[in-house]
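Once you scroll down, you'll see the structures, which are given as structure tokens.
In the two complexes below, subunit A is the common chain; its partner is subunit B in one and subunit C in the other.
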Partner chain A sequence: MSMLAASEPLTVLIADDNMTDRMLLSSIVRRQGHRVLTASDGQEAVDVFAERRPQLVLLDAMMPVLDGFEAARQIKELAGESLVPIIFLTSLTEEDALVRCLEAGGDDFLAKPYNQVILAAKIKAMDRMRRLQATVLEQRDQITRHHGYLLNEQRVAKAVFDQVAHSGCLSSPNIRYMQSPYALFNGDLLLAAFTPYGGMHVLLGDFTGHGLPAAVGAMPLAEVFYGMTAKGYGLAEILREMNAKLKRILPVDMFCCATLLNLNFQRRVVEVWNGGMPDGYLYRSESGEHVPLRSRHLPLGVLSRASFQEKTEVFSLAPGDRLFLLSDGVIETANDDEDLFGVERLERVFELNRDPTRLFEDVQAALGAFHGESRDDVSMVQVEMVEPGELEPPATVYSDSGASSPLNWSMTLELRGDTLKRFNPLPYLLQLLQEIHGLRSQSGALYSVLSELYSNALEHGVLGLDSTLKRDAEGFAQYYEQRSTRLNHLKDGYVRLHFMVQPEGRGGRLTIDVEDSGQGFDPHQVMSRSPEEEGLSGRGLKLIRQLSDKAQWSEDGRSASVEFSWGALA
Partner chain B sequence: MSNQHLDYDVLSALQEVMEDDYPLLLDTFLSDSQVRLNELHKATDPQKLGQAAHSFKGSSSNMGATHLAHLCHQLEERVKHPPLNDIEDLVNRIDNEFAEVRRLYDDERQRFAY
Partner chain C sequence: MAVNADYSADAKELTINIKGRFDFGSHQDFRDAYERVDGSPQAYKINLKETTYLDSSALGMLLLLRDHAGGDTAKVKLVNSSTDVKKILAISNFDKLFEIE
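Now for the complex of A and B:
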């Protein structure tokens, strides 16, 4: 009988009130290699099932106490999700009785007189079905478990990442943004931080890929962004570091499209670098004009150190102007007809806007009207140019005790020729000046003044750039073009920085002298210009006066001297 | 080997399946059938009669009592279509047929009574 033997023995419940048939069927099933349980009525069948959980049930339709239909219903309910096939034992020939069997949960029929070969085939088929269902359930549970793990991992990763990402200033009143809470796992990244000079850095990035791989690169990128911004580095150094780091850690097919902004509220300029992101926009609230901020570079993490270009574009800003950055999810938002939102629709929103303060809402509303619901890979950010005093950068938290603060020293740093092209001394000077605890409460003013003095010495002094050029937008562009050309050809010249810290009573005083090799200028004439005459230029000297305790220029205009004082520390 | 009452091919198949329990199966069928016959006689409503006939048909067919199964099937069908005035006759024919096969099963039983 090996032909009929089952591959794996099952426990089979046989319920029939007819003792002869029960006995015969038990023998047949047992000979086929299975274990047999028996019941002589429907109720007993349900009880035996509940207690012994057989894998297959052979059930006579007509039985006393509880008939086969009701017994089948109860057994199916007890079985729950797992499939326990029920084969009705019957010679029922009427259609409605067969329908009742199926409705009660029957999976097959076996007619009397019993045929061993057919019974064996049916048991085999039912067993296959049962195993299939068990596999499906097992896999479903496995998927549910894995999904649970995945969600938990994402939660943890997001929590850790949020600690890093939210150390920034996205909550600043001049920033509006829209981003899915799980944007990180779409590879979208939005960062913003105050610079020590009172400006602001903003990054909108988009990693290739989705899920954890896309999120992995975000962490080091955010670390570099925040760390270097806080230390006073400029976009060029930050971009170089980000590119080199991503190039090193990411696989070849992974990189990060990004737009970086460096807003200087005092000088009213924004520096832009766009590598592979959709056009951002500078929206001029006065004229309603929208200037595209185009991608001029390959994404971060693609090029080697040697071929990477950190060249930025500089735009002048007026208070109320808005910078608008977006991910490709915005442009690629599709409606029900598979049409894409597209650049034209976006630019149309800019054109139709009459109230700049509603610009962000207008874009959101246009997206909503187009698609109905927002996708989870849509990231947008709007940064408004405001007056320098309007924002309050958070106080820096220092970890040292102040006991080792050096209070009596001086230092001269002279940067010459080639070095002026590519070396930015400000972060190093900042680190040194941070050690003067008495000045920490005015660090914003100090760093702004220092950066202003250095820029003046380099641009107007060494490079001989005419600040009156910046009077209008065209001249503004010309100014930065000349700056870049002249810097490239620079061979001679110097900027000399002299720092002196002296104790004074229970406080102290810092004196900074900055001298350059340029032609100099007439400080009296520059100071006496009216604001109208100045236009976009010359704001620097007044700012320096305003922020420092004392500021003076030599008669030839080639050196400046500023002072910052502090009293006894609380 | 067959006659109009019993299918002996079925009996030999049963013997193979049941092995040592074959005589016990025969005994069980005979006593079980006696119970079914009593039910047929005592049944007061057509539904009970039909159920008893259905059950008896099932075991008879399994035991190779071809003609008896056929008569039971006739009775099962007949009770669905009143009036039932000639039902008595059909029950009597089942009685007679069972008496006939009982004798044949007893003979079969004797072969194993060593």
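Now for the complex of A and C:
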């Protein structure tokens, strides 16, 4: 505040019933360069104040009609939030009278007889206080205004984001989640989508930082997640793309911790990738066991394309099993004593749980009991393993007319050696098959069958993996270990996919033949296995039979043929 | 929170000491510690002996230093971390980028 401003003339109200005193004081104040208003009793003082709004009031305590104390109270009330300093003029010397002056809202007092120097100093000091208060109020209003803008911007940004994330399936009956509506601005991100094969992808992410910077990276991440999931890409390809994209667009010190899940309800497996998130859990409802889903990787957006690791872990699941993911806000929830909720307390909830359907509520209740209120960076999600077909993925909306639907063609795609290691042909095949309008109503079944056929040809055929290994959890882990090792060492071998589309009457038929370079198997024997023998191993062949119109295997088990037909389009 | 830096006797290694909480509040001090030094150190040592807490923005700052020191060829060592700090570094798998002692 400049000196100039401090010496600006003020309008000062002087209220005193003694005319001599009033005139004396008026002339002193005027000489000091201020404008003066006068009143001869308390009521007049209040009236003049209401009408002229002086900036400072000198008030005699003892006045007729309305005394100084009551006048001060009314003036303060009229002044509202802005500070109008009141200096009591008093010949009172008793302590409690002076206290009454201050209690009535007086800011200072001046004893009679008046000392000009002291009066000038007090007016100056009061003026400083008045200006300070005005500045504070102005800044407060400014902050309120800016906060309003910020909230509005967040609302708009969130609305845009919700549009990007609209295709999500967080409302699916097998998903429970808890997240602040503005979690996005804490960098928390929760996404879920059905795969074209009838499975589900889930992502829980946590960007470094807060506010807009944390939210900015969420948009491209969500787009990659939904776009690639819908096109039939697997976790490995999605992860590579997300990492590369974030690495390219984010500054060096920003990254995104994330856990991704790929649930396959048909095969009853979940694929997990955790980079930098706290342990998630696989809760087995049969045994009550909770298996940690540990962070094995650096967060997304840190490593270059070349050094990024998309290796996932695979776990077997039974219907009713639950996957539980959480942000660090859960573990770092603090109580009044600044103790953290911590991993031990969380795991204790899992141990004490007797009813798996109440697991999510139990965790919520434990957090509530610990802290009382929830922080806005607490995100948790629980995904339940269900029987295939129990969930109904929404119908895909196609934008084309169907007039160009190709109905008479065939194609052979042969993938050899090295290509089998990293290349996933399914998204490309899906895109092609999607052009056949007659098949769209059964696209879920078609894609499930195609992915099943391809996995079988690669895993049991080319890699020679024994599906009976998957009978128990231990063998299951072994199976995926072997899959990864053998794939790494793969030199030759092939998977050949042949597609033929033929018109039939007003409909048509698609035939898919899949052949591989493996040893083959005895299809009769595999088909006749009892469920006990099968355990966790492939229900693959039966599934293919169920979902396709016709399915058969060659005697040597090295090639499979399935058919999908459709009638006239409505 | 306090950040200071000193050179090894042969002036080849810069040690940055971080006291108290290592979070966004230390951003400027941490950057100054390696950007405003004379000479060009060949290696860096982050002494976390008196670091009580480390959050994700601190991890971001470590990435900035690594980038400054040459990215994949950078020699950045994190030393003397407490159990809690080690846990955070382990969850993020930062041992894949930094030598942690």
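Observations on the structure shown:
We adopt the following convention: the second predicted complex is superposed on the first by the 553 of 570 C-alpha atoms of A that agree within 3 Å, B and C clash if a C-alpha of one lies under 4 Å from a C-alpha of the other, contacts with A are read in each partner's own complex, and residues count from 1 in each chain.
Heads up, the rule we're going with is that a contact is a pair of C-beta atoms (placed from the backbone, for glycine too) under 8 Å apart; a residue touches a chain by one contact, two chains touch by 3 or more.
Quantities reported herein were computed from a predicted structural model and do not represent experimental measurements.
Taken together through their common subunit A, the two structures put subunit B and subunit C side by side without a clash. Contacts of A:Leu212 after superposition on the shared chain: neither subunit B nor subunit C is touched. Of the two partner chains, subunit B is the only one that A:Lys112 touches; subunit C does not reach it.
Residue contacts after overlaying the shared chain place A:Asp253 against subunit C, while subunit B stays out of touching range. Using the contact criterion defined above for the overlaid structures, shared-chain residue A:Met23 touches subunit B, although it does not reach subunit C. Rounded to the nearest 10, the angle made at the CA centre of subunit A by the CA centres of subunit B and subunit C in the overlaid structures is 80 degrees. Judged by the touch definition given at the top, the superposed model places A:Arg31 against subunit B, while subunit C stays out of reach. When both complexes are overlaid on chain A, the residue A:Leu102 reaches neither subunit B nor subunit C.
When the two complexes are overlaid on their common chain A, residue A:Met62 makes contact with subunit B while staying clear of subunit C.
Here subunit B and subunit C are compared by how many residues of subunit A each touches, and C touches more. Between subunit B and subunit C the least C-alpha distance in the superposed model amounts to 58 Å. Note: no residue of subunit A belongs to the subunit B contact set and to the subunit C contact set alike, using the contact criterion stated above. Remark: subunit A residues 206, 208-209, 252-255, 257, 275-278, 295-299, 302, 304, 307 touch subunit C in the complex.
Within the complex, the subunit B residues that touch subunit A are 10, 13-14, 17-19, 21, 24-25, 28-29, 32-33, 51, 54-55, 57-59, 61-64, 69. Chain contact summary for the complex, subunit C toward subunit A: residues 24, 56-57, 59-61, 63-64, 67, 72, 90-94, 96-97. Subunit A contributes residues 17-21, 23-24, 27-28, 31, 62, 91, 112-114, 116 to its touches with subunit B in the complex.
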